[in-house]
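Labels for the chains are A, B, C and D, by order of writing; each one numbers its residues from 1.
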Amino acid sequence: MKHLSKTDKSTFILVAILALLAPFILNPFPEGSAMAQFNAGYPDLMQRFAIFGILAIGFNILFGLTGYLSFGHAAFLGVGSYSAVWMFKLLSMNIVPAIILSVIVAGVFSLLIGFICLRRSGIYFSILTLMFAQMSYSLAYSVLTPLTNGETGLQVYNDDPQYLMGPNSSEVTNLFGLEMRSTFTLDVGPWAFQFNLGYYVCALFLLLAFYIAIRIFRSPFGLMLRAIKTNQTRLNYTGLNSRPYTLAAFVISGMYAGLAGGLMASMDPLAGAERMYWTASGEIVLMTILGGVGTLLGPVLGAGFIKYFENIFSKINDTVLHTWFSILPDGLENAIVWVLHFFVGKGWHLTLGLLFMMIVIFLPGGLMEGGQKIMNKIRGKKKNDKDGGAKAAATPAE
Amino acid sequence: MSNLTRRGLLKSGAVMGAGLAAPTFFTNMAHAYTNAPTGSSVTLGFNVPQTGPYADEGADELRAYELAVEHLNGGGDGGMMNTFSSKALKGNGILGKKVEFVTGDTQTKSDAARASAKSMIEKDGAVMITGGSSSGVAIAVQGLCQEAGVIFMAGLTHSNDTTGKDKKANGFRHFFNGYMSGAALAPVLEARYGNDRNAYHLTADYTWGWTQQESIQQATEGKGWNTVNNVLTPLATTDFSSYVAPVLNSGADVLVLNHYGGNMINSLTSAVQFGLRDKVVNNKNFEIVVPLYSRLMARGAGENVKGIFGSTNWHWSLTDDGTKAFVKSFGEKYGFPPSQAAHTTYVQTLLYADACERSGTFNPCGVAEALEGFKFDGMGNGPTEYRAEDHQCFKDVLVVKGKENPTSEFDVLEVVEVTPRAQVEYPVDHPMFAGGDLGKCNPGA
Amino acid sequence: MGILEVQNVNKSFGGLKALQNVNLDIEEGTIHAIIGPNGAGKSTLLNCFVGKLVPDTGTVMFDGKSLLGIKPHEINQTGVSRVFQTPEIFSELTVAENVLIPCFAKRDGAFTLNALSRVTGEVDVREKAEQMLIDVSMEDKKDMLASSLSRGDKRRLEMAMCLSQDPKLLLLDEPTAGMARADTNNTIELLAQIQERRHITMAVIEHDMHVVFSLAQKISVLAQGTVIAEDLPENIKGHPKVQEAYLGGAH
Amino acid sequence: MDAIFLQILNGLDKGSAYALIALGLTLIFGTLGVVNFAHGALFMIGSFCAVTLSKILTLSTVTLDPTKTDFLGNPLKVKTPYVVEWFGESTGNAMIDWSVPLAILFAIPVMLLLGWVMERGLIKHFYKRPHADQILVTFGLAIVIQEIVKATYGANPIPTPAPDQFVGSYNVGALIGLDASYPYWRMIYFGFSVTIIAAVFSFLKFTTFGMVVRAGMADRETVGMLGINIDKRFTIMFGVAAAVAGLAGVMYTPINSPNYHQGMDFLVLSFVVVVVGGMGSLPGAVLAGFLLGTLESFASMNEVKGFFEALYLPSIDQIIIYLVAIIILLTRPRGLLGRAGVMEE
């Protein structure tokens, strides 16, 4: 911690507090109330917030700093998950070897792909990564079924060898016996707050990932990556070959994705090929841009935003809508429900698409810019701060 | 994941490794199983595809679920509850508790489906999960429910693996499977097309496609057919012309399309466009077979399905009392006849509710026990049995063909033959279903 | 024996002969100006030194080693830095960061994965960068974004970046183009100081004769791709070929 | 031989579809410098123009036929399309039957208008924004379009057959002494695509409008300085690109029943084609389209699959396009016919 500057330290502490108190923060509405639908404080979703946060942070190290837009990052997530599940199948349900292997395998895999793809830049690079990911997906879904269990997804069976499994070993994913699913529920009046061990493991990894990201952002290495984004020619005429830098960034962000994949499998030991489909890679890109490219906190926000929509809005069905508006006169109630039902439940994609457009049109800097605007309003800052504002928006590391 | 309860909390793991002591959390022993309903209502989780290629099937499943809930709570005309051979259901909910439900979107992706099911279990307290429109998703969610300690009543899933190598004690399948399709189709095909046919298979290159192809090949070869070739086609294929073209000169006189959904529509369209059905090969008319039919999907292929044989789990034009009652209440509520996906999910919901009533508990182990070996009738498929050993329903299978002169947009298929249950039955240890382990029922908490 | 020896360099683009049998010899520790009318091939020649272009024939030797066939960043590592006609700077970074990068490159070489050390913690490099900014009198602008600088400042920044690498040879492509007279004089003073203090060899392409004759110890005149004269400044002034090249032989 | 001949035809057919989609994409990129992730959606809208037209043509009056019953036992509703009532049995039914070709006339104004609205209303504001922003906003738009289509027409594919006259196949192989039947509609599709491609090229090559646009593609500022309103022309080009995508969609419906997500299915492929051809190069896109189409067709032959399987490369048909595209990009940095400096930052 002493290696962080004052602002970075407060950002980190803020994230740490948010992560630790997530079960409270995400569960603001009492159980059983109409608004409880919007609660996100249950273990699975909280785990996802943290895991996709890690993924987006890692992606941002590549895209945000170097400007290389990888459209195949989901492949590393998938490879990480597969490695982790194989560890469960071969060794035991302990998540430590699983996560270690998933990071290593994703690292090696990204080294190979990065070595080839980074010979090109711009859209050529993006399409190369996209094609590698699509190949991985196609093969995982069909030919590689012995390795990946194809359509169904790789999972642990009772007859798997599990060589390290003792007679008393836990049958579910665990950290030296502490089961990931263990949840302590705190009932406070009508509220029920769930403290899940798996979530806290993810949250710790998120904090670690976030801390390393800050360090990278503030390091000479990070400076070089940003230099690559702004002017590769000058960097070359400064005696630096940009390739090893971009490759290192690519591998680091691939390892982040592998970590996320390993964690995902550790929370829920199944790895499906869809994880590697191009839309999954696209989702990572969207998370990062939505949150704010090149900002530290943005990608985490973007990840949370998209996962929240996917998990909360898709579950609002017409019946739920009718309960919400039941106090209104029937005609009005039906009219409102009729309009809203295009945007929630099976229409959640529509809402997401519209929000993408709104955010990118009105907040070019993503959610972070929105946040900054609000903060500025609150602080009553005047417009004369234009230079500072422009600088903040343009300087990736802020 | 057996401890995903919303309110309970859980035992932590044994002490292991370097002697790390597990924290002893406060443990609520009040409930013996996951999400035991405490109030006056019980929550079921309907997990269906609402986005993606199978969204229409998902929507139809959801309609059927809503209808089933209405009937269970005593609303509507009661539908198949009136024809169901078991009379345990009284129209007052399940075990006196009002039935409520939550819905989720599987997106036809294993990951999303599991996330959605988990949120139903962890957040909404669902005591049973049901739905789905593909085998990959069904198997993934079934595995989750086994770990979490809730019952899974599979929706539309046709792969042998669901009740074969991936069977689970907490999972139950009413829908038929690839083996049954083969066993039901083969005699009909033999009767119509003779027993010296040469079949060419185009097979979707993933687990379901493989098991289905294997089943059909074995069944038809048993009738004397010869398999010329089996070509695997990528899932993402939209234009099958390059797979269909070689069929013409392969010497085959039957083309079997082991495809579903969009793949089926496109491959069938290509095959018809290439004029396969107008060909005469080996002095026999060239024929096409689509082993797994779905009316919703068949509609997408338009005229091309006319006269083409396949199998389905159920069809609304059946004339037994159960079917009539179901079609009537569904049709009156929504204005069109239900699909087989709607039928199987409706039946699954009723079967689950009935099992709860009969066992007097929502405890998955009690429910499972009540379902295992359960024999019933009046649900549209004739006498049916949930086999205890693999949780697969055994019942008659329909052989259908595309109707030549449809009277409406729903009138796409006609039932050619109802293949009796005995003919599609197989032993539990049949090689196509080998390798699985049902395990023990898991009540969670 | 000069530090940079160019022999018989030819370069053509399609049918256009941009450089024909160019010979050039830049002596260590001097400021060598290359002048000539527009399109004479000055920038092309410079591009051949830094690896941006590869001559068709001929040799370019720097410090006894050939510069041909190696990549720009490798050429730079041998001690050749270049200031471009349109400033090539890291415009999205601050002035201070712009100077830090060459300082790190100088210290760490081509690639170091120093991902966990802190820029703020690298005291030696930072001090060097700060000193550099003071040298070009830009220390008050160190937190500005490079893109927001004036054209003259950008050029000075680029010069600072090149100088902070302690190059053996500094190539300057019109270092005062577009500068106001006062700025130009500052730049002349700056370059002279640097040369005096650090004895860096410089090759300067310049149009402004005031700059050329204030700085250069030797001048090469390029016209239509060939060196038509190479001499001391005082001799160049009255050189007939030079006058012809500039005035088109109209006198 | 027959098989090879058929696969050549298949390759040309697929290739023409790929080329047509990629052509519109690269046109938008080349003229406007915009990475349009909604291009697949435009293709899909084209398909649904055909669906919509056939729905319009089959708008019906409903009469009850007491002699027949529907599935609930009520009198059967008999639908008579208005066009049949108005134009008589034969003309009316012919119009319904020909809805796909008729949809071309319907799609052109719709797509031009849509392209115009899209460019003026949205894309225009993104010319100076980073490509990442363009991707995000057009991707968002693609999702919105596709969800609207889904809400209107459902998720299942909708059959839109070719006119009866074109159902079936013709033994084209007989012309060169082979036995190889090929479907009429696919031949028409090929001819149609080639015509459209030729039309776009001649439009750009031989009209003043086209010349200005090409000049603008090469150097926008200079052309702007000549006092030519290049923006207006670019808007029109966006409309043209949308129309090309739409027409590709209309004609593709009898081959592939339209569904709401087909745009996304084609998106990745069309980007691969464009990039292999070289960003911003029109001939490159066409060349790459045909190349990849043909390769894909041959890769799906059993003999080829068997050959690669022996080399431990099973299912080569799944990855051939990507594999070849990667090799091309690694050997030719800017694709087959790309220009330097385009989209490399």
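One rule holds in what follows: contacts are C-beta pairs under 8 Å (C-beta built on N, C-alpha and C of every residue); 3 or more make two chains touch, one makes a residue touch a chain.
Computed from a prediction, not measured in an experiment: that's the story for all the values here.
J.: With contacts defined as at the top, give the pair, B-D or A-B, that has more of them.
T.: The greater number of contacts lies at A-B.
J.: Taking each chain's centre as the average of its Cα atoms, which chain lies closest to the overall Cα centroid?
T.: It is chain A that sits nearest the middle.
J.: So the centre of each chain is just the mean of its C-alpha atoms; given that, what is the distance between chain B and chain D in Å?
T.: One centre to the other, that is 35 Å.
J.: With chain centres taken as the means of their Cα atoms, state the distance from chain A to chain B in Å.
T.: 33
J.: As a quick test, compute the distance in whole Å between the mean CA positions of chain A and chain C.
T.: Distance between chain centres, rounded to whole Å: 46 Å.
J.: How many Å are there between the centre of chain C and the centre of chain D, using C-alpha atoms for each centre?
T.: 52
J.: Hunt down the residues of chain A that sit against at least two other chains at once, touch-wise.
T.: Chain A, residues with two or more chain partners: 138, 142-143, 349.
J.: At which residue positions does chain D touch at least two other chains?
T.: In chain D, the residues touching two or more other chains are 315, 318.
J.: Which category does the touching pattern between chains fall into here: line, ring, star, complete, or other?
T.: other
J.: All pairs of touching chains, please: list them by chain label.
T.: Contact pairs between chains: A-B, A-C, A-D, B-D.
J.: Looking at the complex, which residues from chain D come into contact with chain B?
T.: Spelled out, the residues of chain D in touch with chain B are 2-3, 6-7, 10-11, 13-14, 17, 68, 70-72, 76-77, 150, 154-161, 167-169, 179-183, 185-186, 254-257, 259, 261-262, 265-266, 296-298, 300-302, 305, 315, 317-318.
J.: For the complex, give me every residue of chain C touching chain A.
T.: 50, 71-74, 76-77, 81-82, 88-94, 97, 100-102, 104-106, 108-122, 125, 144-145, 147-148, 161, 165
J.: Please give the residue numbers of chain A that touch chain C in the complex, ascending.
T.: Residues 3, 5, 212, 215-216, 218-224, 226-227, 229-231, 233-241, 244-245, 248, 252, 387, 390-391, 394-396.
J.: Contact residues on chain B for chain D in the complex?
T.: That would be residues 51-57, 59, 205, 229, 231-234, 236, 238-239, 241-243, 245-246, 248-249, 262, 265-266, 269-270, 273-275, 278, 296-297, 299-304, 316-317, 327-328, 331-332, 337, 407-408, 410-411 of chain B.
J.: List the residues on chain A that touch chain B in their complex, please.
T.: Residues in contact with chain B: 39, 42-45, 48, 94, 138, 141-143, 145, 149-153, 155, 157-159, 166, 168-170, 172, 174, 176-179, 181-185, 187, 192, 194, 197, 268, 270, 272, 274-275, 310-311, 314-315, 317, 319, 345-346, 348-349.
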